[in-house]
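Per-chain residue numbering starts at 1, and chain names A, B, C and D are given in the order in which the chains are listed.
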Amino acid sequence: MSFPLLTATAALPAVGALATAAVPAARRTTAKWLALTVSLATFVLAAVIAVRFEPGGARYQLTESHAWIKDFGVRYELGVDGIAVALVALTALLIPFVILAGWHDADPMETGSRRWRPTQGFFALILAVEAMVILSFEATDVFVFYIFFEAMLIPMYFLIGGFGDRAHEHGEKAASTQRSYAAVKFLLYNLAGGLIMLAAVIGLYVQAGNFSLPEIVQARASGSLHMATSTERWLFLGFFFAFAVKAPLWPLHTWLPNAMGEATAPVAVLITAVVDKVGTFAMLRFCLQLFPEASKWATPVILVLALISIIYGALLAVGQRDIKRLVAYASISHFGFIILGIFAMTSQGQSGATLYMVNHGISTAALMLVAGFLISRRGSRLIADYGGVQKVAPVLAGTFLIGSLATLSLPGLAPFVSEFLVLVGTFTRHPAIGIIATLGIVLAALYTLVLYQRTMTGPVKAEVAEMPDLRVRELLVVAPLIALLIFLGVYPKPVADIVNPAVRQTMSDVHQTDPQPKVEAAK
Amino acid sequence: MSTAAVHSLWTTAADPISKFQAPKIEYGQLSPTLIVIGAALVGVLIEAFVPRKSRYYAQVFISVVALAAAFAAVVALAAGGYGTTKAHIAAMGALAVDGPSLFLQGTILLAGLLGVFTFAERRLDPEAHGNRVDSFAAQAASAPGSESEKAAVKAGFTTTEAFPLLLFAVGGMLVFPSANDLLTLFVALEVFSLPLYLLCALARRKRLMSQEASVKYFLLGAFASAFTLFGIALLYGYAGSVSYATIAQVVDGTVANVDPALANTMGNDALLLVGAAMIVMGLLFKVAAVPFHMWTPDVYQGAPTPVTGFMAAATKVAAFGALLRLLYVVLPGMRWDWRPVMWAVAIVTMLGGAIVAITQTDIKRLLAYSSIAHAGFILAGVIATTQNGVSSVLFYLAAYSFVTIGAFAVVTLVRDAGGEATHLSKWAGLGRRSPLAAAVFAVFLLAFAGIPLTSGFAGKFAVFKAAAEGGAIPLVVIGVISSAIAAFFYIRVIVLMFFSEPRPEGPTVAVPSPLTLTAIGVGVAVTLVLGVAPQYFLDLASQASVFVR
Amino acid sequence: MNPVNYLYLAALLFTIGATGVLIRRNAIVVFMCIELMLNACNLAFVTFSRMHGNLDGQIIAFFTMVVAAAEVVVGLAIIVSLFRTRHSASVDDASLMKL
Amino acid sequence: MENLIALLIAAPLLGAAVLLCGGRRLDAVGHWLGTLLAGLSFVLGVVLFTDMLGKAAGQRAVTQHLFSWIPVAGFQADVTFRLDQLSMTFVLLITGVGSLIHLYSVGYMEHDERRRRFFGYLNLFLAAMLLLVLADNYLLLYVGWEGVGLASYLLIGFWQHKPSAATAAKKAFLVNRVGDMGLSIAIMLMFTTFGTFAFVPVLHSADSAGEGKLTAIGLMLLLAACGKSAQVPLQSWLGDAMEGPTPVSALIHAATMVTAGVYLIVRSGAIFNAAPDAQLVVTVVGAVTLLFGAIVGCAKDDIKKALAGSTMSQIGYMVLAAGLGPIGYIFAIMHLVTHGFFKAGLFLGAGSVMHGMNDEVDMRRYGGLRTYMPVTFVTFGLGYLAIIGFPGLSGFFSKDKIIEAAFAKGGAEGWILGGAALLGAAITAYYMTRVMIMTFFGEKRWQPDEQGNEPHPHESPGVMTIPMIVLAVGSVFAGGFFSIGDRFVHWLEPVTGHAEGNSPVSAMTVTVATLVLLVVGAGIAYAQYGRRPVLAVAPRGSLLTRAARRDLLQDDFNHVVLVRGGEHLTRSLVYVDHTLVDGVVNGTAASVGGLSGRLRRLQNGFARSYAVSMFGGAAVLVALTLLMRAV
């Protein structure tokens, strides 16, 4: 029984959350530093996982398994494959930046009772989310995954509904109503998805008698567990629905713009860069592995939906007047790419999709956090309220530009690698879809550059004339992310090497092989 | 005619009276019930002889001791194997001592104990004329606002009868799920109903509503029990006996000696079906299943909140226990007749409760409708007709009762000038005013909503799983849909508490005595423990899931 | 005479009682209707007891009477206190709580 | 030796990094640092060039493998550089002209407080452009391809406070993105066809793939080329791109970046050779563009826009040549190089003029400048003679060859293309003469501007004139140097291959015809602008003129169809998302709520109605139970 590394990685932030929440009301700064330290320590653990993980080795490594709820056939089973490692690392990496970026977002505005501790709550909730997300990445037991997949909604819900932008163009009253609407919408969408999934989870239990992913996959492969085609399809739909809400996939996406628009930028990053990844990750891990046949059956529809998400999200991003909502729709478009890559059923597509999850996390974090700094300065989310910022705050504008360029996946920056892999992977199997999806890169250029032009260039607006440039703390948030974007754009090999074996496994689970080139090229 | 003949016109020779043999009663195995009833009687005596000042303490003491002792007895019996191996039918076939009855009795006793704590709370209401007062009327007999009431308040009267009444109710509830013949069932039903009717009428504030609740509950309850009784009559007519075992045999057609009369009635299925339906209806009334639920919101709202909490928890447990035994022991033979009906009831109950709850504006009514919806979920487990079904229902009941008592206990804390502030609008911003109370209540709401890591989720999962294994997949789907609907209004309350601005004249959260704190604390603890590590209790439930017959 | 007729009578009485509950306003009358239903049950018990030739039904009838008596005690207490508050025994007046 | 290749790129990349991240403390020396690194890269280029000359023609191509870039199952993209004669030609052109323009910018941007950043961008551009021409696979080329796009975006929009500049920059990037789409699709097609997208394997096994596939690939590559090289239909951005500082126009939008399309086509020659249909389309695009650009050039009064039109047209020539296949490739590149010299020279001249005229760009406000800025006049004049193809100057050689090759394509196509090329030559002579006369001859027409300060035309400082002189030299002699003994042909033949076309008309006839048309064009221009005074305000002009002033309405078309249409589309989609997609969900919620409200009314507070429901319920229960038994 070696040291339970995976559990520790999740337990640390969980404990940290409790500790942070327990910090007395007056000691706000202590809570912040505590949370930051914990998140950094968690990152160290995640790094250890990444190091200890052997790409060539067993499919699930660092596994832990303990009896939990015998009657439900549930075991506390953890284990990571390459994909999980990448995403755990991403999560642990982003949280410190989220905390640092949200340093002042939760300083109490109104005086509640002396026991009212918004700041402590804010950071505790962030850590709680981290713990649950990490566990859902690590769980190899469907039930364990489901529990944390659902439970993470609650802290997220409080983060969205409880903490908004400092100043709001419609005033605080309207802001709080919009916030709680967004929060409720987020929760109900995802809860509905989760409950539908619950039915499927129960159905799976009735079929398989236990929840252990490896066992079920093995049993299905060996034929000892047979499912009727219709059953498998229903179960698949039950699972996929929940993940499609989370991801989000058109037409289940409408909660995302509200949530990201109303939440503070760090929380928005938490939603789109971390929490939503669980959805796409789960498609890759659970939908494909548990229900290979049904996945193939559903592929055409899903590909079309993903395609719609790509184009639709991009077009709506063009039409937005609110910076954060714009980023939200951009994310919808990107999630379309990820899902496209997953269900293209080619190793390029799936490796690309996994890389895409990581890169999209980083790039969106960069763009959204800078946007948050911008908004916190001017107190408005409306694009029209800005102009000429580049002249007064060149560094801010520069980082914002790099974030935008990453969003339009400029070659040399990380997202390009993943996006191109996804496109190639799709193209090799479905040329038409691949070509239409390529339109997305033009639209991406359109909405990002329009955003940059309207906010940063042109004559300086009076309201932004006094705007200060990035502070040290903010630079500390943005600079590493940008460095990472460039590094992973130039040298993605480390991540790719971790991911590839897992993808190969998944491909074999769904009995798929890459289409081979027509001509054997002269080497 | 001869004199003898004439004599014989108005007299006849009686048979010599045969020897009357005394019934054999296993006092040890009935000890929980006996203890509670005995304590109740003592309580009555206390009302008669103990001076007014010290009654309260005496009553609380007696009740707590009795309930604790009874619980200890239950544990002892269970440990003694009466739940599993030595399970048998006691008291000449009147009462079953087996797993389900012991499990449910234990649950009821704990619920009763927490109920006593909330009953005994005297820190919430401001002192009247220097006397600490609980949530019961000073003098139930005196009309609201009348001189006599004022006098009673001034004199510092309190209705300490509440405690014996609670004990009587608990006593009835203990018998109810273990009743093994229809007569005992009926008597137990009345024994625990009548005290509840009274308790509902005892509120200190808003007495009009309290009395109205009481009268509604009483009339409808009596109406329902009349139906039950008629059902019993028909079933008796069908089987010629009220003992579960015999009826079951007759239903299965495995009865040993069939005399012509029995053969005649056995042929008549209408008796069986109509009778069974009417009895079941009486029980569905108690568990507040649609369409027999309409008393629930009014009574829950009007009754004193501690009573509501106790009632909501314990009554459901007892009634579902009785329902399980009836369906699993008496009527398994006609499973194919009642399952579809129960399907229909479960569906309308789940959906009806969830949907109507959406537009509620009073927290107590909201919880009432939520309890209706939960009755629907539990019914889904009842329908499974498997051992898993039984154990899941037992588990769900245990989990649910603690959440309920805890939730209502929190409701008693939120007060303004007019007593408890139950209107939802007054709860706005509670999370800002007193985060702790709001957080605790949020935990209970999340448990009601069945969010993972709370007991509510474990219970819901167990029940749905059992139903699915029983082949009731559609029921499960409808169940998850209605729990999605239900989630909406639980979330609404949370939004209200945390995300909306507090009102200036909003209510405050009173600081309760350790009694209520215990009730709430136990509630939270059980909610989380059963949510995170339910295995032990699931084992308990599954061990206790075999009926003796 | 065929005992089944007594059953019909019992059913009839029960129905009359139930109808009374549904249509009468005065709480006392409603309550009496319920008592009527209980007694209908008693009649049924006794009849069945006669048909099956065992005494259970007649015993149960006694139990029912006791229970009914207890119900009267509780019921009247409640109804009277309601009457003293509202100076009316109409069930429909007691409708503060609704929706 | 080949390990130096990476340094070619590294030098300017380092410069860009240092200058952009360095902050204000570098303002003092930034421009010199940038120039230095550009020069260093040029020196390296020369070193490698000499080394290459040392080798036999066959062994000249060298590669340098840096590291594996994207390793995914079946998909191998490496960072590998390939330096052969073709890329070497570009390296020298890019670094050479680039260094000169760096030098020029030192003077030109002297008064701009953001000069450091300007040089950072210039270095970034050099790095990206070198990556483009040095990559040994299409994906890496794609990186450079978009990299230069980014640099051009940054530089066009360098004066961001001007909305026009910001818009132009965005437009340039977007139109290029459309082209890039073509390139990425081409790469995907290659991957599915050959399983790789590295030059050597793809090009060597090209003809073993089906012609259909190759045509598709070719057309996609052409689309990319159109975007980058401002060919019809994606030409609209080049005119607006003149918003950028003049050195940028000279380097990026005249000498180097816009010619990347030609490079791409020539580099992919093997594919086009096997796909004649694609080739035909290429030639047509080239021909159309050379006329289109020329016509636009005639109508513009803005000197830079006139030159931009001319650039478009000249690149049209190159594309036309490249479309002709082996007979044209080398001349395309040759014209590219010579054009690099004289067009850069012309732009720098124009910049020098603007520099002296308070950034006035309207030629109608010039006139008689030859006396005020002699050096500029001479260098510009030489560039002028070169571009119109005055015998002996470089333009003469390169353009002539292209026209011959066009005829050599043979058949009707040959005649049409050749005719177009000839006509183009005439128009070129016309509009360039027009520019020349309006700027340097006639009487001065400038007036004080709004602020009322009279421009005082003066010669530019040395840092600006020296590059102009060097380029002028190049534009005079390069052509001859290349052509004597077909040096250039032999130089490139190993890479591109070469074929002598048999033209229906003799080379002599072509040359004569060209010269005649040249004189005609120049004569007309002289008649119009030299004989009678030039109006200070543009006359309304003929319909064609007015259309040409508006880029032949092509922009308006874009605006109406794409921009307006797009706006309507997005606006309606936003509406749909809000009302339909969201509406369905909210509608469901609302309907459940309504149902709840209605059901709630059943709870009317009357105990008797409750009893009714119970009674009914009981009845239903009984009925159902009986029913169940019945069925």
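As a working rule, a residue touches a chain if its C-beta (ideal position, glycine included) is under 8 Å from a C-beta of that chain, and two chains touch if they have at least 3 such contacts.
Bear in mind the structure is a predicted one, so any value in this text is a computation, not a measurement.
*Asks:* Spell out the chains that contact chain B while also contacting chain C.
*Replies:* D
*Asks:* Could you let me know which interface, C-D or A-D, is made of more C-beta pairs in contact?
*Replies:* When the contacts at A-D and C-D are counted, A-D has more.
*Asks:* For chain A and chain C, let me know how many angstrom lie between their CA-based centres, rounded off.
*Replies:* Result: the chain centres lie 65 Å from each other.
*Asks:* Quick check: how many Å separate the C-alpha centres of chain A and chain D?
*Replies:* Computed value for the inter-centroid distance: 37 Å.
*Asks:* Averaging only over C-alpha atoms, locate the centres of chain C and chain D and give their separation in whole Å.
*Replies:* So the centroids are 97 Å from each other.
*Asks:* What is the distance in Å between the mean C-alpha positions of chain B and chain D?
*Replies:* 81
*Asks:* Two or more other chains touching the same residue: where does that happen in chain B?
*Replies:* 215-216, 219, 223, 227, 297-298, 488
*Asks:* For chain C, jot down the residues that touch at least 2 other chains.
*Replies:* Counting only residues that touch two or more other chains, chain C contributes 18, 21, 30, 91, 94-98.
*Asks:* For chain D, jot down the residues that touch at least 2 other chains.
*Replies:* Within chain D, the residues that touch at least two other chains are 589, 600, 603, 605, 607, 611.
*Asks:* In the complex formed with chain D, which residues of chain C make contact?
*Replies:* Interface residues on chain C, with respect to chain D: 18, 21-23, 25, 30, 91-92, 94-99.
*Asks:* For chain D, which residues are in contact with chain C within the complex?
*Replies:* 600-601, 603-608, 611-612, 615
*Asks:* Can you name the residues of chain C that touch chain B in the complex?
*Replies:* 7, 10, 14, 17-18, 21, 27, 30-31, 34, 37-38, 40-41, 44-45, 47-48, 51-54, 56-57, 59-60, 63-64, 67, 70-71, 74-75, 77-79, 81-82, 84-86, 91, 94-98
*Asks:* Once bound in the complex, which stretches of chain B touch chain A?
*Replies:* For this pair, the touching residues of chain B are 391, 432-436, 446, 451-453, 457-458, 461-462, 464-465, 468-469, 473, 476-477, 479-481, 483-484, 487-488, 491-492, 495, 498-502, 533-535, 538-539, 542.
*Asks:* Under the definition above, what is the set of chain D residues touching chain B in their complex?
*Replies:* Checking each residue of chain D against chain B gives 589, 592-593, 595-597, 599-600, 602-603, 605, 607, 609-611, 613-614, 616-618, 620-622, 624-626, 628-629.
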